[in-house]
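Below you will find the structure I want to go over with you.
Chain nomenclature is as follows: A, B, C and D, assigned in order of appearance, with residue numbering initiated at 1 for each chain independently.
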Amino acid sequence: MKIQLTSQGDIQVLELSGELDYHSSPDLREKLTELTMKQTPKILVNLGGVDYMDSSGIATFVEAFQKAKRYQGRLILAALTATVRGVFEIAKLDSIFEITPTVAEAVKCLGAKT
Amino acid sequence: MEKRFELIASSEVLAPFRREFRQILNRAGWEKKTAEKILLAVDEALTNIIRHAYQGRPGKMTVSISASDDKIEIVLEDQGKKFDPTQVPSPELPRHRPGGLGIHFIRTIMDQMIYDDQNPAWNRLRLIKHKTKI
Amino acid sequence: MEKRFELIASSEVLAPFRREFRQILNRAGWEKKTAEKILLAVDEALTNIIRHAYQGRPGKMTVSISASDDKIEIVLEDQGKKFDPTQVPSPELPRHRPGGLGIHFIRTIMDQMIYDDQNPAWNRLRLIKHKTKI
Amino acid sequence: MKIQLTSQGDIQVLELSGELDYHSSPDLREKLTELTMKQTPKILVNLGGVDYMDSSGIATFVEAFQKAKRYQGRLILAALTATVRGVFEIAKLDSIFEITPTVAEAVKCLGAKT
């Protein structure tokens, strides 16, 4: 699992690649916790490079999503592969999370301020 | 096709195991979408063994795979804390709290999840999936 | 006297660690009865790191011991799940269900249990005991 | 941790020696579970050789004790070293468990039938 943090205006972008499972999810959790502790208002997670995700990955996103909600922050998941999208669907979480097909749409959705 | 894996109950074994299992599923003729789901179900069961059955105690877990033309059967064995996952009630979805989805994934993906209660010292979980729903 | 241990977060490291720690406590002039209690407190904290902070993920934990004439301070560090044990309420005793005693033991045995919340990536727990109660 | 199972009339005696901690407690748990699954009416645990015990050991005994109670079985702990007794005391469990100073007293207490 590789995690890269960049920013686009006032949006913090986490770009993930590799497999997100019980072993690798603590790294993602750490990065997301750093962002939510700072009350980052706009978090965009680019999942385009993630070809596998299990319930540990889901749990990590649910936790960050709830934390962001508490301070009125937003967390958007973008560019999900079919496999990863399928996992959100089995969990019936595809309707709870804000999910956009592409990163560009997520940026538009969050309204980047530069 | 029969294949048996002996794994150390630690999270770093998951990714290499999945790599090999992916090839087995592919060779056994499972289409990618279903193969990824079976992979997920088995990964969830192994994660539970690592996390809940052994909880940081050193231990082993074995995965025995039999793939025939029409179905695949995966038997998971461990010597951790005795636990029958088939008794866990299905969670209400969507869950707004983190966790508690692993067994639901296994149940949803596989056609059968059977816990064998015969051996007092071992957990033995059988997961079966048919190529065409019966 | 200062001593630092770097341990793998797995249950088999506990007994050998205790053997060495026992000698340190003895050399630092602690009477056996109190030494065994301090040993127990540290063992409970390490067990919690193995079991709850890492949960079967590979990880490290360090124990830094400083023993002076009048007190001993033990600092435990890990990179597992962030958790502040000082926030756990004391259980009602006697507990009729198994478990839930570890933090109570640490709290009862040591004079101070301080969780350092400064580092976002590390857990750091300080346990202090004075030779004569202050 | 060494565990030896013997019997004295209708009493099943578990003789333990070594250190009972998070690592070794599953072995004890397995033996005790075997006995309680068979609804063994009289279980005597000789702790004379146990020089260290932590809360995992306590938890193992509490679990077996509760199981035995459910079928009206009895579990007696005998010959505790001072260290081990101290641990039961911090847990305030010394008054809940049946504890006897010696194995002979435990046998008498359970009334061995031969």
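FYI, a residue touches a chain if its C-beta (ideal position, glycine included) is under 8 Å from a C-beta of that chain, and two chains touch if they have at least 3 such contacts.
Because the structure is predicted, anything quoted here is derived from the model rather than measured.
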item: Touching both subunit C and subunit D (chains); value: B
item: Result of counting contacting C-beta pairs for A-B and B-D, higher pair; value: A-B
item: Subunit B-subunit C separation of Cα centroids, rounded to whole Å; value: 35
item: Subunit A and subunit B, separation of their C-alpha mean positions in angstrom; value: 26
item: Inter-chain centre distance, subunit A versus subunit D - centres from mean C-alpha coordinates, in Å; value: 51
item: Set of subunit A residues in contact with two or more other chains; value: 22-23
item: For subunit B, residues that touch 2 or more chains besides their own; value: 11-12, 50-51, 57
item: Touch-based graph of the chains, sorted into line, ring, star, complete or other; value: other
item: Interchain contacts (touch definition) - all pairs; value: A-B, A-C, B-C, B-D, C-D
item: Subunit B - residues contacting subunit D, complex; value: 57, 80-82, 120-121
item: Sites on subunit A touched by subunit B in the complex; value: 19, 21-24, 52, 54-56, 58-60, 62-63, 66, 82-83, 86-87, 90-93, 95-96
item: Residues of subunit B defined as touching subunit A within the complex; value: 11-12, 14-15, 18, 33, 36-37, 39-40, 43-44, 47, 50-51, 93-99, 101-102, 104-105, 108-109
item: Of all residues in subunit A, those that touch subunit C in their complex; value: 22-23, 26, 30, 33-34, 37
item: Complex contact set, residues of subunit B against subunit C; value: 9-12, 50-51, 54-58
